[in-house]
Amino acid sequence: MWLRVSCNLAFDIETPTPFILMLRPRSGAEQWIERDEFKTYPNLPIIEFTDDYGNLCQRLVAPLGRFTLFTSSDVRTSEFVDVNFDAPFVEIQNLPNDVLCYLLPSRYCESDRFNDLANTITADQPVGYKQVFAIEEWLRTNISYIPGSSDFPISATEVNYKRSGVCRDLSHLGIALCRSLSIPARMVVGYLHKLHPMDMHAWFEAYVGGRWYTFDATQTGQKGGYVAVGYGLDAADVALFNQFGPVAHSLEQRVTVKQIKI
Amino acid sequence: MWLRVSCNLAFDIETPTPFILMLRPRSGAEQWIERDEFKTYPNLPIIEFTDDYGNLCQRLVAPLGRFTLFTSSDVRTSEFVDVNFDAPFVEIQNLPNDVLCYLLPSRYCESDRFNDLANTITADQPVGYKQVFAIEEWLRTNISYIPGSSDFPISATEVNYKRSGVCRDLSHLGIALCRSLSIPARMVVGYLHKLHPMDMHAWFEAYVGGRWYTFDATQTGQKGGYVAVGYGLDAADVALFNQFGPVAHSLEQRVTVKQIKI
Amino acid sequence: MWLRVSCNLAFDIETPTPFILMLRPRSGAEQWIERDEFKTYPNLPIIEFTDDYGNLCQRLVAPLGRFTLFTSSDVRTSEFVDVNFDAPFVEIQNLPNDVLCYLLPSRYCESDRFNDLANTITADQPVGYKQVFAIEEWLRTNISYIPGSSDFPISATEVNYKRSGVCRDLSHLGIALCRSLSIPARMVVGYLHKLHPMDMHAWFEAYVGGRWYTFDATQTGQKGGYVAVGYGLDAADVALFNQFGPVAHSLEQRVTVKQIKI
Amino acid sequence: MWLRVSCNLAFDIETPTPFILMLRPRSGAEQWIERDEFKTYPNLPIIEFTDDYGNLCQRLVAPLGRFTLFTSSDVRTSEFVDVNFDAPFVEIQNLPNDVLCYLLPSRYCESDRFNDLANTITADQPVGYKQVFAIEEWLRTNISYIPGSSDFPISATEVNYKRSGVCRDLSHLGIALCRSLSIPARMVVGYLHKLHPMDMHAWFEAYVGGRWYTFDATQTGQKGGYVAVGYGLDAADVALFNQFGPVAHSLEQRVTVKQIKI
C-alpha cells in the first residue's frame, strides 16, 4: 500500500537552540520512499548525516522566534506485517555481527534484570517467534496502553511497576524481555496508518529466523501500514528531535497518514 | 540559489535487465536536498543502498517492454563555487585517512603515468590550489570540449592523445594530472545550471587547503549552480546507470535544471 | 613508555557456551600496538569483528571442560595523560557527527536525571575541561573507591545513592554528570600501569576543546600508562567478555602490566 | 595449518618520506591471526587505520637514513583452498551490495574491454565456478608466469599483449576476464607457503555460489597455505607500501613463510 505521511512541528524559540532531528524516513528492506520533503521556516543551514543505526539525521540551530518544521513522504509499505510462528531462535554464534548490539541492555531496557519474568511469560513456548509473540500478548494483557499518558521516557523496570504506558513504554518492556532471553530486539519509531489518536508511533522488532519481525503490543488484529523513521536500542537513540539548552516546548505536533494508492 | 533538477530516462527492454542507478542526489557539505522524487514506470521493487563513496544507489530489475525512470529534486546550492588561490598543498602525512584513496590511479585516470606532464604544466606554480588551477587552464586551452562527441569512457592517456573530449574526458585527465602531483582528486557527476547543451554533467574536485574545491575545465567565467549526484575515483564508480546483460539502449535522456528561488 | 600487558582467563564450562570477547587492544590516537597475542586452550575457531565503537571483538563457542584464554600485547602509550584546563566546551552544533551519540543517556548512565547535581558540582567553573575536572574531583571526594566491592554493573543513580563503588561505578557517575551538561563522555576499559590491586580497569573520557581527554577519579597525582581495550557508552558496550546461556564463572582472572622500555 | 610469515623491508631514505604500508594481516573468514608483530627501526610515530576494503594500513614518515620494517605473524589457514565446481553464477540482482564494486573496471583491470575474449575462453562452460576455472586454466596455458620479470604494475590489456608476467599480472588479467562476465573478482596480496622463489605473492578471488573462492594461475596441483594481507580492486589498492616524494628504493625485501604447527 502507498501512504503519504507528514509531520508538522512548531516551536517558540527564546534562545538560539541546536536541534538534532530524526524525521526523514529512508528506503529500507520493508519500505520504499518515492517522494520526500523536508522544510523549515525560516529557511536555515542544515547538515544531514547518517547515525550508527543508519538513521538519517539533520542538525541545525533554530533562531529566535517561531520555528516550524514540515516533513512529508510518499511511501510504499506492506498492508500486513510479516508473521511467522515457526521462525526459530537464532543461536548467538549464528547471529550476524551487526545484530549483536541488540542483545545488550540499554538506557530504557534493563534486560539484565528481566530474566525471571521473561522465563515465566514464555514458559510453555518453543524458542523463537512464539516467545516474542507470548511477550507481545502478555504486554497487551498486563500493561494498559494509554496514549498521551507520559511526556518523557521511563525505563522497562518503571513501566513494569506502573503497569501502564504509551507506545514507547510498552516497546521498552517488550524489548527488555526479548533481550533477557538472548533474542535481539530493537526500537522503531515512525508512522502507523489508522493509529488512533493519530501521532508519531513506536513499536519494536525482534530478530528470529534470520530476520527482523515487527511486534506492536498497542494494536490488535491484523496490522500493517507501518513507516519506520528511526531504529535504535531504545528511545534514547530515536528521539524525533533532540534539543540542547533551555527547553523549547513544541507548540504543535501535527501528524497525518493517508493512503494515496493501493 | 535554489534549483529544480530532473532527469527522465526511457529504455526499451528486450530481456529482464538488472540496473544499478545513481540519480538521486544527497544532502552534503555543499548542497541541501529539500524535496526529492524517484519514480519508475512500471512500478517495481527497488532496493536502495549507499556505496563506498557515500552515493545513494538503487537496484532493480527492469521487465520486458518500455521502462521509464523519472527523478526530480529541489536543491539549495551555491551560486558561485568557492575559489581560494591560497589554499596550500596538504602534505601526505596530514591528509585525512578517508582522502588517501583519491591519490591512487584508477581505471580512467592512470596518474602513475602523468608525472612529467603535470610537472611541466605546473612548473611555475606554488604547490596547492594554483597547481590545480594551472591544470584546469591547461585543459581548457589544450583539450577541446566537444559535448556529445563520445559514448563510452576513455582514459586520461587516451584523452591526452585525442586532444578533445566530453566533460567526463576532461575531468579524467584533470584528475590524473592532480594525483600525479600527490593532490587527491575525485570525479563528480551531476547537474549544472545553464549547461549548454543541457545534459548530465561531469567535473572534478581537488583536495587542497584541508577541503575539496570544485574545478570544471569545460566552463569559463564565474561558475556555480552545481548539484552533485555521485562521487568516485572516476567514471567507473559514478555511472548514472549500470545495466547488465544485453545492452538496452536508452531511448531518451531528458535533463532539466531550472532556478526556482534565489 | 612501553608496556607489556596481559590477561589470563580460565573457565570451567559445563555446557557449550558462546562468548564475545573484548580483550585485544588496537592501535589508536593514544597508543600503538607493536606486538599482540591472543590464544585459547583448547584451540578453537574464532571469528573476529569490529563493533560499532571500533573495538576488536572475538566470537567463539567454548566447549565442555576447562577453557583458558591468554592475551598479551606490547604497547607504546603516554607516561602522562594530556591535561588542558583551558580546553573549552564545544557547542553542540560544532561537535563532529560521530561524537553526538556520546551525549545520549545509556543503560548505566542516566544522564537525563543528573542535571541538577551536575550544575551544583560545576557551579563556579567555566564551561569545558574545568567542569569535567570538577566532576572528577567531586567523585574522588564523595564516592569511595573500593576495588572488588561489586560484581555486576550498577547505574549512575545507584552509585550516587550508594556512595561507593569500583572503577566502573565511578566512571558511570562521571559520564552521566558530563552528559547532563551536554559534554560528550564515554567509557573506557583497559589496563593501567601500577594499578593496585592489579586488575582490568575502567575510566572515562570527555570531549572538550575538539578532542577526547582522559579522566580517572580512582587515581590521584600525575597519571599515565593507560592502555585502552574497549570504548563505549558504558559498561554494557565494553564487557571484557559476554557469555550466553548458563553462567560459567571465571576460575581465574590474572592481569599483568609491566614496563619493558622507556 | 599454522604458518609463521614475516617480511623485512629496508630503505635508504634521502629525504623524509611519507609511507602508507599494508603488511599486517587481519583475522578473516579464512584465516586467524594468533600472534602479530610490526616493528620499525628507528622507532617512529605510526598511525594505523582501516581502508575502504577493510585492510589494516599504517602511516608514517620515514626519516633520513636507513629505515627498516619488520613484520611477523602466526596464522592459522587452510591446507587446501576450497574448490566447488558446482558453485553457480550469482545473478546481479542477488549479489550483496558490498560485492557490487568488484564488478567495475579498475586501473589495471579494464574489464570493459575483455568481453569477447572471456566469452571465447568460457564458451563451453556452465556459468559460475567453471567459467572462472576455465579462465584460470587459460591463463596457466597462455600467459607465462615469470617471477621477478616486472617492477611496476601493468594492466590486463598490456599483460594480454605481452603474454607473460608476474603473479600480479596474471591476476589482473584473470580479474578483468571474470568481471567482463559479470562475475565479481578481486585482487589479493599476501603470503603463500612454499612459493618458489619466496616473495610476497598475489592471486585473485571470484564471487560465485554466494561466497569468494581463491584462484591462482601461477600454481598447479592442490594449493593451500595462503595468508591474505590486502584485498582490493587491483594492485592500485593493495600496494604493500606506497611512498610519496622522491623514490626510496628498497635495499632489501626478505620474506619467509614456515609451518609451525599442523
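Each chain carries a letter (A, B, C and D) given by its place in the written order, and its residues are counted from 1.
Following the convention adopted for this analysis, a residue touches a chain if its C-beta (ideal position, glycine included) is under 8 Å from a C-beta of that chain, and two chains touch if they have at least 3 such contacts.
Fair warning: this is a prediction, and the values are worked out from it, not measured in the lab.
Colleague: Mind checking subunit A against subunit B and telling me if their interface is mostly the same residue numbers on each side, over half, or mostly different?
Modeller: Here the answer is same, because the shared fraction of interface numbers exceeds one half.
Colleague: Compared with subunit B, which chain's mean CA position is the farthest off?
Modeller: Result for max centroid distance from subunit B is chain C.
Colleague: Taking the mean of the C-alpha atoms as each chain's centre, how many Å separate subunit A from subunit D?
Modeller: Once rounded, the distance between the two centres reads 44 Å.
Colleague: As a quick test, compute the distance in whole Å between the mean CA positions of subunit A and subunit B.
Modeller: Centre separation, subunit A to subunit B: 37 Å.
Colleague: CA centre of subunit A versus CA centre of subunit C: separation in Å?
Modeller: Measuring from centre to centre gives 30 Å for this pair.
Colleague: Going by the touch rule set out above, which residues of subunit C reach two or more other chains?
Modeller: 47 - these are the residues of subunit C that touch more than one other chain.
Colleague: What chain pairs are in touch here?
Modeller: So, checking each combination of chains, I get A-B, A-C, B-D, C-D as the touching pairs.
Colleague: Residue numbers of subunit D touching subunit C in their complex, please.
Modeller: It comes out as residues 26-28, 32-39, 45-48, 50.
Colleague: If we count contacts the way the header does, which residues on subunit C are in touch with subunit A in the complex?
Modeller: 18, 20, 47, 49, 51-52, 59-61, 91-93, 97-98, 100-101, 103-107, 109-110, 112, 152-153, 182, 236-237, 242, 244-245
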